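When the chains are written out, they are named A, B and C in that same order, and each has its own residue count from 1.
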Amino acid sequence: MLKNMLENVRKNCPLIHNITNYVTVNDCANILIACGAAPIMADDQDEVAEITSICSGLNINIGTLNNRTIESMLIAGKHANELNHPVVLDPVGAGASKLRTETALELLEKLRFSVIRGNISEIKTLASGSGTTKGVDADVADKVTDENLDEVVAFAKAFSRKTGAVIAITGAIDIVANSQNAYCIRNGHPMMSSITGTGCQLSAMTAAYVTANPDHPLEAAAAAVIAMGYAGELAHSRLTDLDGNSTYRNYIIDAIYNMTSEMLERGANYEVR
Amino acid sequence: MLKNMLENVRKNCPLIHNITNYVTVNDCANILIACGAAPIMADDQDEVAEITSICSGLNINIGTLNNRTIESMLIAGKHANELNHPVVLDPVGAGASKLRTETALELLEKLRFSVIRGNISEIKTLASGSGTTKGVDADVADKVTDENLDEVVAFAKAFSRKTGAVIAITGAIDIVANSQNAYCIRNGHPMMSSITGTGCQLSAMTAAYVTANPDHPLEAAAAAVIAMGYAGELAHSRLTDLDGNSTYRNYIIDAIYNMTSEMLERGANYEVR
Amino acid sequence: MLKNMLENVRKNCPLIHNITNYVTVNDCANILIACGAAPIMADDQDEVAEITSICSGLNINIGTLNNRTIESMLIAGKHANELNHPVVLDPVGAGASKLRTETALELLEKLRFSVIRGNISEIKTLASGSGTTKGVDADVADKVTDENLDEVVAFAKAFSRKTGAVIAITGAIDIVANSQNAYCIRNGHPMMSSITGTGCQLSAMTAAYVTANPDHPLEAAAAAVIAMGYAGELAHSRLTDLDGNSTYRNYIIDAIYNMTSEMLERGANYEVR
């Protein structure tokens, strides 16, 4: 199944419209190409509807948002919904400021998302309407562990039921859930949190996966999360003592570039609850 | 000849003003330094004329354009024209949205360009006033091959005659033409299209080359295109099985950094038609 | 002493709010993580005060400024001052345009800075109210050498007395001064100027250092400058003949990631005047 998810991205080469922050935008573009998709970045109100219409999927990331781009997110999102294009939401920093929380909630209210991907604090903020986020990182108090895993799985399923979106909560253990099933994924490496934007990159790649696999949003999102985590493992195994987070960033994108469906199947480490 | 083009960049170290997209801007700055030039990025209406006046050349790239930056492009472009500074246009995504197409056409109407560099779909859009672009990549239907090369060369020469600019159409075969002559360049590697922004980087570097060689815009633009393509070959030969598009991106800039005029002469693969 | 400065960053993991240019923003985020801090980038007027309040320090960098972000710098800066958060100013390109010079002077007038870090031309512009800057690089006429070092040290101390900020002037010889003492630092490598944004990265890292060491702004800023310079040396020693400025960029961030307090003490090359 995972195999097909990856292969469909490489086969269909979906063009993904990204309205995303300027911090990690280059990495988002390169990882989209690495996984087999094609990126276009456009955030002006005068072109976002049109750009969305020539694409097959949309990735909305609220990092470094402003009033101009928030409006563009709404315009593009509505148009993508009309066209039945998959839309992914990355609520970067929801909980860290009222603007981010309210924007994420407004997007959630006005748009239909295929996948919502964030860290546990961001997703909790969306679910409860308020929250605490340590900047753009998850609050330690929220951390997903083996002890609270069932509880978080239940939370993710409930939030999926409420929103109709696949919920991807990423961290030490990743949870990708619809209302019925949750992939609990143990791929990845702790050092991935030393790179800015692995979450943003994953959201962009998730948009590519769900776009190329329109009938399987849960499996597609899970495959993207597994691919990212496994790339983090493969990339880490290449590092020398002198390498740090910058080389690691490059190697993760490289690993996505070189990942085959066989590798993904072999490297996947998950259970469905 | 190519030799001199490169050496003049390293000798004159031209300061290039870039109004460019936020996706690939860091790579544009680094490749400008790598080739021997110096970059400055500035896009606010209140400073672009002044920034242009302290520079020797201007690079206008319409990716991630918006109303604020479009106005800045016009202001800077007019001022650069008054100062007789070379101006390069990269019409990223012309054909993909009305805003991009119309902006590119407006720039073309109001400004005088030394070089226009884009993929075949973007250049066709400028020449015809409309077009189809697969996002920011060329439409497959437009692809330049040995079969249609003469036709595309004639098109490029005609468009150069019309605009007064050197036309650089990059792809599997690159064409750099003025109204009389066309360099048909076969440097490069297919994997270069797996990196976001090799085109943007090339446009920035082309601005440096034409600025450092004001009397030879055709040869200067051709030298920049050949340098980029040859860097793509050299960088590719360094890749291991584990490397992908991210490491490749770094190695291409590295290859530009290390390129000597002798290497460029030796590696160049072109004919003039 | 340097040892403690670095260790406090790793121990306290300060969250740093960055209002910075879109050219080097990704590198700023990654170097903040590499040194042990955490970054958040936010530049909208509607959220900057709130974002500043959840952070412990603020880094204001005026590269690619515009009217929207200038207002955000003022709002965030005032709020950080009220909260007694350290604030760093990087006056990128002050002297290159009236907008940049006047913005830097306005920030200086309205805000209280812990550290001002720039090249010699930028700092002279701030001190005199006008100046000439070669784009974003220092004017050759301003270069700090052994011959004029005492003079520049006296200038830096006087400007520190006037502003109340630690003054960090970086170049071939770095000077980090308060009104009494100046660290003259001879770490670093000439090739660092071949990378866009080593200055921006250093300013971001300086914000982390002064935030984690609130009682020692001079020593903290000096430690950050030494760490950056020594990272430049270590990274340079890894380069092969085929590597250039892009790989060098990665290796410098890697070296910051791997730097221990012992390495910093051992590698430091400075005198206090």
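Everything that follows uses one rule, which is that a contact is a pair of C-beta atoms (placed from the backbone, for glycine too) under 8 Å apart; a residue touches a chain by one contact, two chains touch by 3 or more.
Just so you know, these numbers come straight off a predicted model, no measurement behind them.
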item: Mutual neighbours - chains that touch chain A and chain B alike; value: C
item: Turn needed to bring chain B onto chain C - CA fit, degrees, nearest 5; value: 120
item: Distance from the mean Cα position of chain C to that of chain A, given in whole angstrom; value: 33
item: In chain A, residues with contacts to at least two other chains; value: 22, 26, 249-250
item: Residues of chain C touching chain B in the complex; value: 21-24, 26-27, 63-67, 93, 96-100, 134-137, 194-197, 241-247, 249-250
item: List of chain A residues in touch with chain B within their complex; value: 15, 22, 25-26, 29-30, 33-34, 38-44, 46-47, 50-51, 54-55, 68, 234, 238, 249-258
